[in-house]
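One chain, chain A, appears in both complexes that follow, with chain B as partner in the first and chain C in the second.
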Partner chain A sequence: MFRAIAATQWKSTRTTALLAAVAAFSLPIAALQAARGVENAQMFINIVQGWSAGYALLAAGAGLLLALAAWGPDHQGRHVYALSLPISRSRYAMLRFGAGALFIGPIALALFFGALTVIATGAIPQGLHAYPFALTLRFLFAALVAYAIFFAIGAATTRTAAVILGAIGALLFAQFLLYTLDVDFNLLERVGELIFGNPGILSVFSGRWTLIDV
Partner chain B sequence: MTFAIETKDLSCRVGRAFQVSQLDMHVPQRSVYGFLGPNGAGKTTTIRLLLGLLKPNAGRITVLGRAMPDEYAAVLARTGYVPERPHVYPSLSIAEAMRLHSSFYPTWDQRWATDLMAQFQLDVTRRVGALSKGEAGKLLMLLALAQRPDLLVLDEPTDGLDPVVRRDILAAVLQFVTDHEATVLISSHLVHELERICDWIGLMDAGKLVAEMPMQDFKNGIKRLRVAAAPDNLGTAPFTLLSRERNGSVEQWLVRGWAPGMHEYLASVGASVREVVDLDLEEGFVELLRSARQRAR
Partner chain C sequence: MSSARALALLIALGLPQPIAAQKIRMYEQRLDSLAAAQRFAAAARQAYELAQRRDYTRFDSVVVGPMRIRATPALNSLAQSGADSVVASLKPQYGRALDALVGHVFVVRDEQVREGDRNASYVVIAEVAADGRELEPQVVVPEVGIVRNVLLSKTLRTLLANTDSAFVNWLHSTSLPSDTASSQAWLQARIDLLSSYAIVSRHCYEGDLAACRVALGLTPSRDPVMDWLSAAERRQIVHQLDDRYWVRMDREAARICYGGSDSTCAALLHASREFLPDPIATLRRSELFQLAMVSGGPGAMERALLTRGTPEQRLVAAARLPADSIVRRWLTLVRDVRKPSEDMSPIVAATSMGWILFCGALAYRSSRWR
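This part shows the complex of A and B:
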């Protein structure tokens, strides 16, 4: 059953997965290219570190696109096929989730091979070390978190989507009120810290995405 | 009589304007039940309720002896469903769609699926999204039949198809009914199509089941009578008077359960029958609808 679901999901996911894998493989190499010829270790780290947002964005983007592709065929058919299948709805959602999550693996693997390629070039200044495994693990985890969040949103009804948008709108409105009332409190920053700071749900995105370090 | 499908006081509101209300439906086991009604009568909504695709607001549903929608997985494992519009993922090829579908049904009969493929002249390499309406209809029927269900639910399976495809699909249904002792619920607004294959009919209009009877009763028992000198009060008539319209001194009646011996009853109340008109199925359907709407007013 899982194999059959994964096979159908592959059809709607393969282009995204392939492009994301190419991007994941290229990112560490591009970072190295940018730092090539820099002798100073700290500067080298800084340049490579400058590319860390790319890993976070790629993980979030891959998670988003894979989640959209996971529900795409069902949304198209207004879920009639899925609802008429003789398995519980929660199990079906888990099968779909698992099948989509599976395709994060090759993307993370591509990143790992990209990182290994960087190491194989021997262009890393002396005294610095590469952490391909740690970077890949962080990427894998971040992509899974993004995928899970977007998968859940994608599965939700229009009403749930409206509730989420409403909550964001309320937050912005509250911030606007605080600003107009001259209250010295940055609500958006506080919420951002809660979400992206440790142990926030998206803290994996805000940590150090480093391939090369001391 | 045991029922494959039974509902009691089933009600469901869909949107603001439409609702299925107080539906008492009885589909006898091993029958071919024609679910008739004009477009927008609530047939598809009812079918979705029966299969657990929608949740009712009130009432009870029993399908194959199990409560719906609570036991939907067990019921759907024994039910083949052909929806109004193709629901299979359009990006798949026919072979992939069959592989996916079969993985959910342990009762899947690959040999029969292959036979049906040949019978329906479907090419396994074709993409579902590129199939014509007729081919898509055949594929859906193939998927529903090859899982060897105890209950087959067909929602307007031949709507918009050409006569050849329609005949192929109905032939496959008939073969299935002959080979297996399964129950078939088939909805349609094409009355003549159901006449050939159904042994029970249910008639739905404006979200209500307005009639439910064996096909034989429907075919033979509904007559249009022209009656003269009819009294206002008929007392306990041996037939059901569905509607009466005055046209000068002669009234036009629509009756159910008419038998030739009933002339005497009418004579006993002072009325005389001028004419008894046999209605064909479509006329019967239209007259039943009209009388149901008159009663509702």
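This part shows the complex of A and C:
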């Protein structure tokens, strides 16, 4: 059953997965290219780390698109296919979840090979070190977190999605009210700290993503 | 007009005009007025500092070993525990060198600061000069740890100021080390060496101990322009200095320098020696002493401060090792210390797994019915 689900899901996902894999492979190489020929080690590190956001964005984007693609056929077919299968809804959801998560693997692998290519060029200045395993692992976890969040939202009913959107809207409105009432309290900042600070749901995205460091 | 006359006229127009005597007088007057303003500002500052003098007779005396503190009664216990901690932490390394503190008095007093519609209590910590002025007062919150750290930094600053000027100038720091260096310091030193504008630092990184001694200032350089830099670097630095409007550089000589004349580049840099920074940050010199603390064991800083001599002789006394051995150890640490990647940690992995499972569980429990 899993193989059949994965095969059908691959059809709706392959373009996204392949494009993300190409981007993941290219990112470390592009960072190296940008840093090539700089005057000293400190500048090299600064430039390479300037590309940190790229890894985080790619992980988030890949997770989002793969999650949307996982539920896409079901949403288009109004879930008739799922209802016609002789398995429970929860098992079906887990099969979809597993199949989608599987496709993150090749993207992370592409990033790993991109990082290895950077090392193989020998262009890393003396005294600096590359951390391909740690970076790949973080990318994998970040992409899986993003995928899991959007998969859960995709699996939810329209009402749940409306509740989530409503909560975000309420948060923005509350911040606006605090601002207009001249209350010195940054609600969005606090919420941001909760989400991005450890152990927040998006904490894996925050901080430095370093392929090359001392 | 003949071409020779036209040329002479053009040259005359192109030459800078001599400054009129009247203009020079004007500049002199301006300079005099600026000097007067500077004298006025200095006098005003001194008057202000003198006005800040306080009567410390009603303050409590806190004496911990060689450390003397005047504290307001309310802050007596805070000053006592801070001083206890400072002396206890410095005694093993600084030993009898702490006796230099006997001639110095610190003050710990409270200060009310208006914050909006309420008064907030802070602590002022300073050294008291012989004339009663508070030197470099620091205002901090009344917490034991913070008061202790400020007292520690002021103590180390005072101990350094009691040594000879050659050592103070060489160390080029406001304070002495209180502890061994962190691994982050060695990593920063590596970046320093590799990112230096001077080739002597990179030679040091490659293992040339003599170059390390020059880069660290242990071997004084008679001619830094030639000792620190390669010909290409000399040319590059002339270029950089030439771009700075505040550097007066002989443009014609600079042009010859760019053309490949290294002697001209060197001459230009000799004339602008004050614009050449040290090959690596002088902070690295403190790290030598932090390393000496490890090698020399207890009393290392006591020996360093009580030894009369060059910085190298102080370092050798502290570490009980030849200077080259200390430099070699320093270089080994700079080259070999590694840090774990900041990308991944077990906490990040565990947190991520937790959220993935949580979101998976939400999807698992989602309804079949839309």
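Just so it is clear, the second predicted complex is superposed on the first by the 213 of 214 C-alpha atoms of A that agree within 3 Å, B and C clash if a C-alpha of one lies under 4 Å from a C-alpha of the other, contacts with A are read in each partner's own complex, and residues count from 1 in each chain.
Rule of thumb we're sticking to: contacts are C-beta pairs under 8 Å (C-beta built on N, C-alpha and C of every residue); 3 or more make two chains touch, one makes a residue touch a chain.
Fair warning: this is a prediction, and the values are worked out from it, not measured in the lab.
Aligning the two structures on chain A places chain B and chain C next to each other without any clash. In the superposition on chain A, contact of A:Leu83 is made with both chain B and chain C. Once the two structures are overlaid, the count of chain A residues touched is higher for C than for its counterpart among chain B and chain C. Shared-chain residue A:Ala167: touches no atom of chain B or chain C.
Touch criterion met: A:Phe141 reaches chain C, while chain B stays clear of it. Once the two complexes are laid over each other on the shared chain, residue contacts for A:Ile5 go to chain B alone; chain C is not touched. By the touch criterion defined above, A:Ala53 lies against neither chain B nor chain C after alignment on the C-alpha atoms of chain A. Using the contact criterion defined above for the overlaid structures, shared-chain residue A:Pro73 touches chain B, although it does not reach chain C.
Of the two partner chains, neither chain B nor chain C is touched by A:Val22.
Of the two partner chains placed around the shared chain by superposition, neither chain B nor chain C is touched by A:Val183.
In the superposition on chain A, contact of A:Ala120 is made with neither chain B nor chain C. Once both structures are overlaid on their shared chain A, chain B and chain C have a minimum Cα-Cα separation of 6 Å.
Counting contacts by the rule stated earlier, residues 78, 83 of chain A appear in both its interface with chain B and its interface with chain C. Residues 1, 3-5, 7-8, 11-12, 73, 76-78, 80-81, 83-88 of chain A are the ones that touch chain B when the two sit in their complex. On the chain B side of its complex with chain A, the touching residues are 51-53, 73-79, 81, 83, 85-92, 96, 99-100, 103-105. Residues of chain A that touch chain C in their complex: 39-43, 45, 78-79, 82-83, 89-90, 93-94, 97, 125-129, 131, 133-135, 137-138, 141-142, 144-145, 148-149, 151-152, 154-158, 198-201, 203-204, 207-210, 213-214.
Residue ranges on chain C touching chain A, taken from their complex, read 187, 190-191, 193-197, 205, 335, 338-339, 341-344, 347-349, 351-356, 358-360, 362-370.
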